[in-house]
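Scroll down for the structure; my scribbles are underneath it.
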Amino acid sequence: MDIEMGLDAHATIIFWSMILPLIGAVGVVALGRWPNLRDSWTIVVGISTFTCVTRLIEPVMAGARPSLALPGNMAGLGLALEVEPLGLLFGLVASGLWILTSLYGFGYMRGHEEVNQTRFFTCFALAISAALGIAFAGDLITLFLFYELLTFSTFPLVTHAGTEAAIRAGRLYLGILVSTSVLFLLLAILWTANLSDTLRFTPGGILDGKIAGASAGLLLLLFSYGVGKAALMPFHRWLPAAMVAPTPVSALLHAVAVVKAGVFTVLKISIYIFGIDFLAKDGLSDILMGIAAITILAASIRALSLDNLKARLAYSTISQLSYIVLGAALANSAAAMGAGLHILMHALGKITLFFVAGAVMVVAHKTEVSQLDGLGRRMPITFGAFCIASFSIIGLPPFGGAWSKWYLVTGAFDADQPWMVVVFMLSSLLSIAYLMPIVVRAFFRPLPEGVPDGINEAPLLILLPICATALGCFVIFFYADSVYRLLAPAMGLGG
Amino acid sequence: MGGEFTGPFVEMLLFIFMIGMALYIARMRSLFTAAMLFGIFSLLSAGMLTLMDAVDVAFTEAAVGAGISTVLFLGALGLTTSEEAPDSKHGWTALLIVTATGLLLAYAALDMPAYGDPNAPIQLHVAPHYLKDSEQEVGIPNVVTSVLASYRGYDTFGETTVVLTAAVGAILLLGGGVGRVGAGKGRDDEGGRRMSDTPIKMRVRETVILRVVGKALVPFILLFALYVQFHGDYGPGGGFQAGVIFAAGLILHALIFGLDALRRAIPQVVVEIGIAAGALIYGGVGVASMVLGGEFLHYGVFDRHNPAHGQHLGILLVEFGVGITVTFVMVAIFYAFAGRSRQ
Amino acid sequence: MTSLANQILSHWNYLAVITLMMIGLYIAISRGNLVKKVMGMSVFQTSVILLYVSMAKVTGGTAPILIEGRDDIIYSNPLPHVLMLTAIVVGVATTALGLALIVRINEAYGTVEEDEIVAMDRAEDERDLRSEDAS
Amino acid sequence: MSDLASHLPVLQVLIPLLAAPLCFLLRKEAIVLPFTIAVSFACFAISMNLLSQVLGGDILVYEFGGWSRPYGIEYRVDILNAFVLVVVSGIAAVVFAVGPGQARRVIPEGREYLFYSAALLCLTGLLGVTITGDVFNIFVFLEISSLSSYILIALGLNRRALMAAFSYLIMGTIGATFLLIGIGFMYQATGTLNMVDMAHRIQVLGPTKGVLVALAFVMVGISIKLAVFPLHHWLPNAYSYAPPLVSAFLASTATKVAYYLLIRFTFGLFGAALVFETVGIDRLLLPLSIIAMFVGSIAAIYQTEFKRLLAYSSIAQIGYMTLGLSFATQAGVSAGLIHVFNHALMKGALFLVAACVTWRMGGTNLDVMKGLGQRMPFTMAAMVVAGLALVGVPGTVGFVSKWALVSAALEVDALWIAFLIMASSILALVYVWKVVEIAYFQTPEVELERREPPLRLLIPTWILAGAAIYFGIFSSYAVDVAELAAQQVFMVGL
């Protein structure tokens, strides 16, 4: 009886964490005429949503799997939400960083004097709701529903500027994401439905013994490429294109929510649909491993050659996302743990980097790496944060990124894949090569002539989130243990 | 009838004529001539139908194909053009399609029971029931009428509705002769000739003999229509044929004495109410049978003691409804065409 | 060979009807003049009536109007007759509607030749396109 | 027989049938409009009731004139046609409330009642075709619906509507006559016109030449009405030049009824064994469907007029339906039926959006739709919703269709067909998104203030658009009924 009650209470929490952003979106529309009220409302909703999600930690750590059947059934299949550790982590990341991004967004959007702010924040809230839907999806069909909703709710954000370039980027964005999801992902889901009588995410997977050999490999590829949001090459071009969006979008959505939704989906499918053991059998995931490795290296090299700061960060993201795909493809507990951790670690680091890029754009109106000379002296805190976040991305202790990389490398050893270890090492070196020059330029190059004196630290609303996330990169290094404990059951590592 | 010997020869001759007519229609560039040929084609096919024992169909074909359709064609030609432009293209594809279709049909036709075979499936199932039991079940000698108005009375209701639909279309598209559609909704008396004023008809109006004969003829036509209407139970005829003939009488009147004379006698509003009334009479009979506890169009319930009597009454009423609707629809279509001025 | 000849002889009626049908269909789909099309359609429909009624015919039969007290008479099948009465009516309704449309088309285009109408529409499209380019 | 409930099958058709001539007597539009709405709602209510009666597996039979099978005409309601009745009358109930709209300009003054009369006749015909259990009765009611739809199409504002209506008239009549010839051969072979009786006799008879040719003619006749590729040429003109409301009604009902006929004749009358195993219609229908899916979608991409774009999209969507049928499996038929329902909703909504745009801008050229996203936000939002449904985004009815169709394809191990279905829906994204971009990202040539169409136009639009979402999320209603219908078709036949 108690358990029943308990589960019902959890269901309520899931319900609210999903519905709050929607209410938020409605509120934003209603309050559109009063910007201050509207923005405060967004923060209130953000905090409430995050609080809701945090209340799920305790039961999940205790081994419960809170679930909620959504009303409705698509194509004869019910919609169900179920919170498991990996999804909870993603949910926490998305909803937590939403608060900070919102704060940052107010500063940025006002500082940049953007139009249509109401539409912007409305779609933002919708996107968060969709991201939470992906995080908590209990089966493939529910996941697919929210996956597509996320694509369409972020489309207005990508094309926010309404310029010809933005529209073209929007086409690419929608074209790649929808095409891959419909052509490959949906097909893969339907194939799975045809093979198995369930589409539920089940520990240990549902496909073992139902498909084998080349078909299984094809199905895995369909899934991996179907999740276009994971930006595996050659379906990665939407991500750099999406950088035309205002920076808060790039920061939260294209460093965290959207792309992480992609790799999260890949990871979740690997763990709960294929099952790690099944993936490890007969080198099923070898091809995927190769693709991920190539993406990691190629994207890093591409990042090196780009002068536009946001574009460079975007390619860095593509590279880092494939860490997670590679983690899934290595198919053992340690690698999966590394992949899971990397969702959080990379999120904290990359969002900081984007925040900084936006701050520079608002304050100094600079977009290219080559224009950053000496700016670190004028904006020491901002670029200090950039430095910290870069270390974390590179994987240096004592920053969060070190942990995820550690587990990934361990996983590569466990899987007897020395070449993958080499890939990780090479990629770290490359990330030093494309991130560190920025820090060096900012701090050690002299400020060019003619920079107006007015350029100084960013406004508080921008600076605060930057500091918070940079601090996060550092603090999480010491608390990685609790994240490990949260994820362990999902990765088959025991409490 | 002429028996087994002469029959086929007459029929073959008719067919040869008809095929000739059809080919002429295809080739003839003068559309007036083609329309007249079509009338003759219909008349010949009516003759053919008579030879094949389908007297009711023949009657209708003669009245509709040779009569109404031809008048409609002539009317439309009066309003458009009478000459077909020389045609150059897409003959071959059409020929190919048509040949293929024809061969397919011939392939199937050769597998059919022979022409006139009394043991064809069609002669052994359902139809014998009508021929054997309709006398007792419905009680009228013309089996076609029994089937038409009772066994398949609902089809006939549908058919009446089809006619009504045509009237809706003619009035909507051509304005019922009251107003021009589109540009300028005023009356159309100002300029242009009407179909009823095309040269042939003008001469009709001017010829004294025709006027006198026509005047004498109209009442007889109308009388004949009434005979056809109410004699349908016993011989060929019925509401549809009667309606067409009645309308033909009225139209003849209009051709001789002018459209406006007929318009004054039967205004557009009356025509429209008539169209509706006929269909509603038909439907009303059906609804009445429902109210009396039967299915729709179950006339037997009108006389519980003698269902055949009820059938008779029902058939009389629905045929009457058909007659009214058809008459007024034909008049409405005539008004629509005739009232349309030439550009 | 003789069997085929026999077949054709015993089915000559159907074959003649089919010929008529195909002439009608040919006129309907190949002619460019709209009035001709409707005429072809009517010929087609009239021939179908003959097809149905041919099926109904019984050799030595007579019209299905019952003559009281005679059991020895063979009647032709009344059902196709009934069906074709309906078909005739449908045909004339279609013809009327088609011709009404032709009258309107003639008013709108000044012609009832399909080719000319298509050409006029195309010219109109091109004009629209040009004016768009100009603006 | 005295209680009203037992008369429901006939009332389904009789009410609009009698209402059409009644419009002649009522005349005043102020009376005729509410009358028409009441009639269409009554039809909808009756169809729902009929559906609920037959869902258990019973078959309702209504014998006209009290004459029993096979001597009289009977109405025969099973799940399959009750489902189609609901779709047709439901769409009518939503769309008829709008009235003639812009077509008013070409209707002779004071003759608006004739428009309603024609609309009711069209409804009558479609319902009559669907519900009847007699093959010749199909022909009669098909002609009622066809003639009235020619009239309605001819009421378009552009003079090309006349030519479109005329071409449709010729094609439609040829189609109907082919059907009539086919019915004639079937009658010749069996001696009966009653469907149940005929089906039994054809089973006994087997594939004689007559039956095979009858099949060919019936198929061609229906395919013309259904606009199956390559017999689709009449459709784009008819739907794009007709008044938008007429397109909304016809696009979501007329082709659906033709599709119903296709199922009825193949599975009910001729029998799946004959149609698919002996003749192998699927070997022709399957490639044609796939070509239609692509040709229709690609043609839609290149259109510069909204309604024409939708019309070409319809050709592609009809391809989905016939594709389902060509699998010759229960899942395939069920998928086709689900799409009948779903496509009616989304295409109806989109054509109503076209009606809204016509009301505002006087036309639906894509040029005039520039920037309408800001100027008619509610209308355009409906367009986006229904458009996404057309693409097959999850959460909309389009997804449900796609799911069912692809499942059916995978069931027969046709992974490549599944892939092609997906690929064609990407094309749908392209043409839908083209319109979305124009509406939201392009600036209008003339500055316009924000104004929505009147509620009598906007509400029906949103009812259909909303339904396209509602039944996308709560899909089990439609899916269950479609599955039951398909099951009945396969188990019972007729």
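Think of it as A, B, C and D in the order they're written, each chain with its own count starting at 1.
Please note the rule applied: a residue touches a chain if its C-beta (ideal position, glycine included) is under 8 Å from a C-beta of that chain, and two chains touch if they have at least 3 such contacts.
Since the model is a prediction, treat every value here as computed from it, not as a measurement.
Judged by contacting C-beta pairs, the busier of the interfaces C-D and B-C is B-C. Relative to the whole-protein C-alpha centroid, the nearest chain centroid is that of D.
In this assembly, the C-alpha centroid of subunit C lies 26 Å from the C-alpha centroid of subunit D.
Rounded to a whole number, the gap between the C-alpha centres of subunit B and subunit C is 14 angstrom. Our note on geometry: subunit A versus subunit D, Cα centroid distance of 44 Å, whole angstroms.
Per-chain CA centroids place subunit A at a distance of 67 Å from subunit C. Across the assembly, subunit B contributes residues 105, 110, 112, 120, 122-123, 126-127, 130, 152, 155, 158-159, 162, 165-166, 169, 173, 181 that each touch 2 or more other chains.
Contact with two or more other chains is made by residues 21, 25, 29, 38, 55, 79-80, 83, 86, 90, 93-94, 97, 101-102, 104 of subunit C.
All chain pairs that count as touching, in label order, are A-D, B-C, B-D, C-D.
Those residues of subunit D lying in contact with subunit B across their complex are 1-2, 7, 10, 14, 17-18, 20-25, 62-67, 70-73, 106-109, 111, 114-115, 117-118, 121, 124, 128, 134, 136-137, 140-141, 143-144, 147-148, 150-151, 154-155, 181, 185, 187-193, 201, 208-210, 212-214, 216.
The part of subunit D that touches subunit A in the complex is made up of residues 388, 391-395, 399-400, 402-404, 406-407, 410-411, 415, 418-419, 422-423, 425-426, 429, 433, 437, 441, 472-476, 479-480.
Across the complex, subunit D meets subunit C through its residues 136, 139-140, 143, 147, 150-151, 154, 159-160, 162-163, 165-166, 169-170, 173-174, 177, 180-181, 184, 187-188, 193, 367, 445. By the touch rule above, subunit A contacts subunit D in their complex via residues 71-76, 79, 141, 144-145, 148-149, 152, 159, 162, 167, 171, 174-175, 178-179, 182-183, 186-187, 190-191, 193-194. Within the complex formed with subunit C, the subunit B residues making contact are 1, 4, 11-12, 15, 18-19, 22-23, 25-26, 31, 34-35, 38, 41-42, 45, 48-49, 52-57, 60-61, 64-65, 68-69, 72-73, 75-77, 79-81, 84-85, 87, 89-91, 94-95, 97-99, 101-102, 105-106, 109-110, 112, 114-118, 120, 122-123, 126-127, 130-131, 134-135, 141-144, 146-148, 152, 155-156, 158-159, 162-163, 165-166, 169-170, 173-174, 181, 234-236, 240, 333, 336-337, 340, 343.
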